[in-house]
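To keep things clear, I will list the structure first and then write my remarks on it.
Chain lettering (A, B, C and D) follows the sequence in which the chains are written, and residue indices restart at 1 in each chain.
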Amino acid sequence: MRKPPAWRGPVLVLVALAAIFAVAPRLYSNESVLFTMMTFMALAQGLNLLYGFTGYLPFGYVGFFGTGAYATSLLVTFTSLPVIAAVLLGGLAAVVVGLILGPLFRLSGPYFSIANLAASQIIYNVVANEALKPITGGPYGIKIEHVYAPTASYVTMLAILLAATALAAYFRRSRFGLGLRAMHQDPISASLAGVDIVRERLIAWLASAAIAGLAGGAYAWNLSVFYPEAVFTLQISVFAIVFALFGGVGTVIGPLLGAALLYAFYAGIGVSAPQYFELLYGLLIVLLVLFLPNGLASLLTRRKVDVL
Amino acid sequence: MSSEPLLRLENVGKRFGGMTVLHEQSFSLAPGEILGLVGPNGSGKTTTINVISGVHPADEGRVLFEGREIQGLPIFRIARLGINRSFQVPKCFRGMRVRENVEVAATFARRGAADIEAILAETGLASHADDIAGSLTVNQQKMLDLARALATNPRLLLVDEIGAGLNPAELGGIATLLKGLAARGIALIVVEHLLDFLNRVTDRVIVLGAGRMLFEGSLAAASKDPDVVAAFIGG
Amino acid sequence: MRTHVKRAWTACAGALFASGLALSAGAPAHAATAPSEIKIGTLYASSGPFAVASEGQYHGLQYWAAGVNKTGGVFVKAFDKKIPVKIVAYDDQSSTATATTLYNQLITQDHVNILMADFGSVLTSVAIPLAAEHHMLLIDPTGSGANFFTKKTNYLADVSIPSSTVWPLPLAHFILAQKIKRVAIVYGSNDFDASQAETLKTTLEKGGVKPVYYHGVPTTESNYTVLLHTIAAHNPEAVIELGYAPNDIAFLHALAGSGLHFNMTFTIFPGQLLALMEKNVGAKTLAYTYTYPTPPLVAYPKTTLGPNTAAFVKEFTAAEKAAPNFLDAAGFNTGLIMQQMLATAPKFTQLDFHQALMDMSGKTTTLLGEFKINSHGAQMGELLPVAQLVPAGKGVTPVVVYPQDKATGKAIYPAPKK
Amino acid sequence: MALLEYALIGGILYGIFFSLVGIGLNLIFGVMRIINLAHGQFIMLGGFGAYLLARGLGLNPLFGIPLAIAGGIVIGYPLYYGVVPRLQKSQDPEMLSFILFFGIAQMIEAVAVFAFGADQRSLPQDALGSGNIGVLGQEFPDSWWVACLVSVLAILGLYLYFSRTRLGFATRAIMADRDEARATGIDVDRVSAIALIIGIALAGIAGVFVPYLIGSVSSSIGDGLTTTSFAIIIIGSLGNPLGTVVGGLVFGIGTMLMQTYYSSWSNLAPYALLLAIVLVRPSGLLGKAVRRA
């Protein structure tokens, strides 16, 4: 009754994001920092799709990222597909991995997280295995310099970030999202209300996987020379989790805000003293869990502000 | 009344680990009928409800709803067929508002439009519609459970110990509500310890003891049955 | 209610812009005339598997810079005057991902005049495409991985260590000369070790010796106990372990604890970081093993550029109160080469820098030996001999056993059991 | 054949040691339903403790054992009262503890980097005996045997604690049902705090031997050890500390066989085992890990 059109908030956020990252390279020339910031914003948002809306924390989220990065690079290496198609297929590869890992949902929260972490380590150890050197390059990394295109990959990553954000807005505002929220609170009651929790959860999981896979593909394109460690390091999961938690999971702007602020902070100061950041992030997690489990966004929701 | 009952259980059994908690349970229920389930703790009352609602699927036997086998179906399918329930310990969406709790069920059950405001009024929650569910009292949360179930337009409603902790006036209100639902054609299975309360809503009860049906008939007759007496004293 | 949504995203946008602007402070300064200082950008690792070596290399570079700045800086031919040197350095913590961002930072934000890689092939590898992309000459002190040097380039020069394609040649020839038939090779799965292993294997096979065991392990491997038993099951006479310093330490540890004995055991890093290895694995374990001795363990008395090895050791020890290791020497040598490059390049451009290095190639000898790079950027000079570590007092000392013209003694083969 | 014997005997030694590695995590979970994601970091601290004693003070690394116990008390006691009751009041203590202890893990790791750098450190080779002890002609370093012996003693001690002491009995009561235990007058907080201390101390004791068994200790080994420990206790039986020994042996023998015959794939072993077991036998071996829904 008192509501403006439901699409207005999401559209404003998307337009703002696009505008900011379209203009930013003119103001600040280390595009690699901007690119990485977008990567982490997309990852935090992608992780939010699962964790924020279902409560399942994908500790091995980096596994999808690495899968996307390698699938894209291998397609570029062994086929003549256009890179952008390879990036899309990188997202698809992550979805396939997500489907294979679907049975993990038989496990309750923390065991799901640990098993997911184990799964990501398996993917990493397979991709980085000496025995697969002829295919993946093994521990020696992979090179796709011949398609190196900083601007195109930058735009692609921006598109992925926008897609992730649009998905989060959909989850937040739609009937589908209502079902997810209900499931998050009480899966049995949600089922009794008629919510197909298995299907809803799987869709959220695959959407989350797809975002990480796409981001991995675009990241690989931007780096163009990388070692398996660079796209499979647990630090990527850690950053995505901390950023999303800090901003506030279950919202649309929370993960964006968290990732932008903390990564800017990291890029500004942290690169020269990373261990301070590990300490700070650790402390931040402890404080958030104890005092602000719903992140920055909850400072607003507590005041009854309707945060998107 | 048609020849096919709304709900029929045929030799339904349930085990947990090595222990059988429900033996060869068979009974049926017609639309608009209220069936009371009584028995000591651990006799299988809640298990029966869990089996019918799909929360814990049966290991043996058949559960037929409108002639269709439903054992083994996921909970949401059973709910969409028109079976719903409340819980002894209420399980509402604690972080959502009261109205949203009901909206979820009205949205997903796909059983026709539900009048959310009417359901809220019926269950005495109208004045709390915008409160967060977790902030309600336990009794209010039980009513919210019921409201959530009603929003799916059920044909069979399973009510688990809704009377515990209520004062006589509140019990009277619930009894009226349940009878009103039955009058609309909704079949009810009511699990209850409070026999007075049960007596007010139905005269057909099944007495369970150690997972077996000991008696089926009126409450008054049940109290004279030696098996029933033994079970209650033994339990 | 919804207006708050707007406020929230505006705040988000504001935060982003603020952070972006804060980062971009320090606008680019393009030097059309002589800069007030020559900015040399590099990375070092204060921690991680490459830390010990990387810090040595960085230290050597700082020592060089302090030296030239004391005399007013380096002579830059393009501007015909001396200009002080400024080193812009970041800590990559041995992480390639961090290193990528930081190399970018050096190029795009700090606009360094000369880009110099961190220690070793792994940390160098990510800089190579970046340098090429930005048309910067990458001065590569110690990144020797064979696949860096596969095509002609103007943007890469390996200055202080031989390319892995030629590095193991003396070792292979020594093994063949000793008539060792059963050789086991275990190497770290990284460009540096794997390309050495590859060269070694190929050369041995050409000489009719097919390794009985040839296996890569993760660069982070720290437990060789089981592996050693698997190797022993192949009955090798010689076991060649090619790794970074932590691998070598772990390998030698495991060997000492295993009760196994081989006629010849070879590792790389005792020849570069002898003091560290002695401290970590003990002289007893090192005794009679083989290595590539590097300056200052081998000395080049005659140089055309800079002090000779002995003089460098003396000066460095006096200034730094500690004897230099190879990586200190490598860092210093890299400084010297850049100094000569600036002193001879007619114009202040990356291409002129590269040409200057090419012109120096084959005509320059430094404390590390002959400086000779090919058109792919690979270092073909500065070859390292093979030495055996023999007990001397409480420690061990290298005795060069191959090639003949550099030998200072004969190999004690098979190595005596302890 | 000799290789197979070597792998099997080595696997048993390695496995018994890894039972010790996992057991503290399992104890804490069993008693408090808290997931100590900093478990591997506590092990790492134990390793650095022994390193400091050995390299700094020239003591035998075995003095790291009392140091680990002291460390368990100093860390465990305030940690329990600082966060555990608060977590248990929350809606989902398992998940929140998981994230919280992950934060603690990050902090410990960062502090370790400040204190020790990120380099791999090893202990004096001959401190636990410089020779080899052979069984069936297969020789293993003395340090492996010492580690194995200490592990057996620690696990035996834990068993005696459970079966012979009042505190141990109370601990078992809490593991069976926390609320029930509280109702029967057990000081649940005190007993749980002691269990947390024991759990951390056991991790620290395991850490003392890590430099010998896996070659070195460095500030980054924590996460890997945590995951490995999870694999071990899930293979054993979650919440049952003594079942950990079974898990340890399966892991140890499996890893040794992999290292011997498929060494390049051996890093996969703990993860593959973990995943296989949670997916194939979720109810049988896992017990509590399976979702009730």
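Throughout what follows, a residue touches a chain if its C-beta (ideal position, glycine included) is under 8 Å from a C-beta of that chain, and two chains touch if they have at least 3 such contacts.
All figures in this text were calculated on a predicted structure; none of them were measured in a lab.
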item: Subunit B and subunit A - chains in contact with each; value: none
item: Minimum number of chain-to-chain touching steps separating subunit C from subunit D; value: 1
item: Chain whose Cα mean lies nearest the overall Cα mean; value: A
item: Gap in Å, rounded to a whole number, between the CA centres of subunit D and subunit B; value: 47
item: Distance between chain centroids, defined by C-alpha means - subunit A, subunit C (Å); value: 36
item: Length of the line joining the C-alpha centres of subunit A and subunit D, rounded to whole Å; value: 32
item: Centroid spacing, where centroids are CA-atom means, of subunit B and subunit C in whole angstrom; value: 75
item: Per-residue overlap in subunit D, given as positions that touch at least 2 other chains; value: 113, 264, 267
item: Per-residue overlap in subunit A, given as positions that touch at least 2 other chains; value: 130, 188, 197, 275
item: Of all residues in subunit B, the ones touching two or more other chains; value: none
item: Chain contact topology (line, ring, star, complete or other); value: other
item: Interchain contacts (touch definition) - all pairs; value: A-B, A-C, A-D, C-D
item: Complex contact set, residues of subunit A against subunit B; value: 175, 178-179, 181-182, 185-186, 188-198
item: Complex contacts: residues of subunit D adjacent to subunit C; value: 2-3, 6-7, 10, 113, 117-120, 122, 125, 131-132, 139, 141, 143, 213-216, 219, 256, 259-260, 263-264, 267
item: Touching residues on subunit A, where the partner in the complex is subunit C; value: 2-4, 8-9, 12-13, 16, 20, 24, 27-34, 36, 130, 138-141, 143, 145, 148, 150, 223-227, 229-230, 233, 235, 253, 256-257, 260-261, 264-265, 267-268, 271-275, 300, 305-308
item: Touching residues on subunit D, where the partner in the complex is subunit A; value: 35, 83, 86, 92, 94-96, 98-100, 102-111, 113-114, 223, 227, 230-231, 234, 264-265, 267-268, 270-272, 274-275, 278-279, 282, 286, 289-293
item: Subunit C to subunit D touching residues, read off their complex; value: 46-49, 51-52, 93-94, 215-218, 221-227, 229-230, 233, 246, 249-250, 253-254, 256-259, 280-282, 285
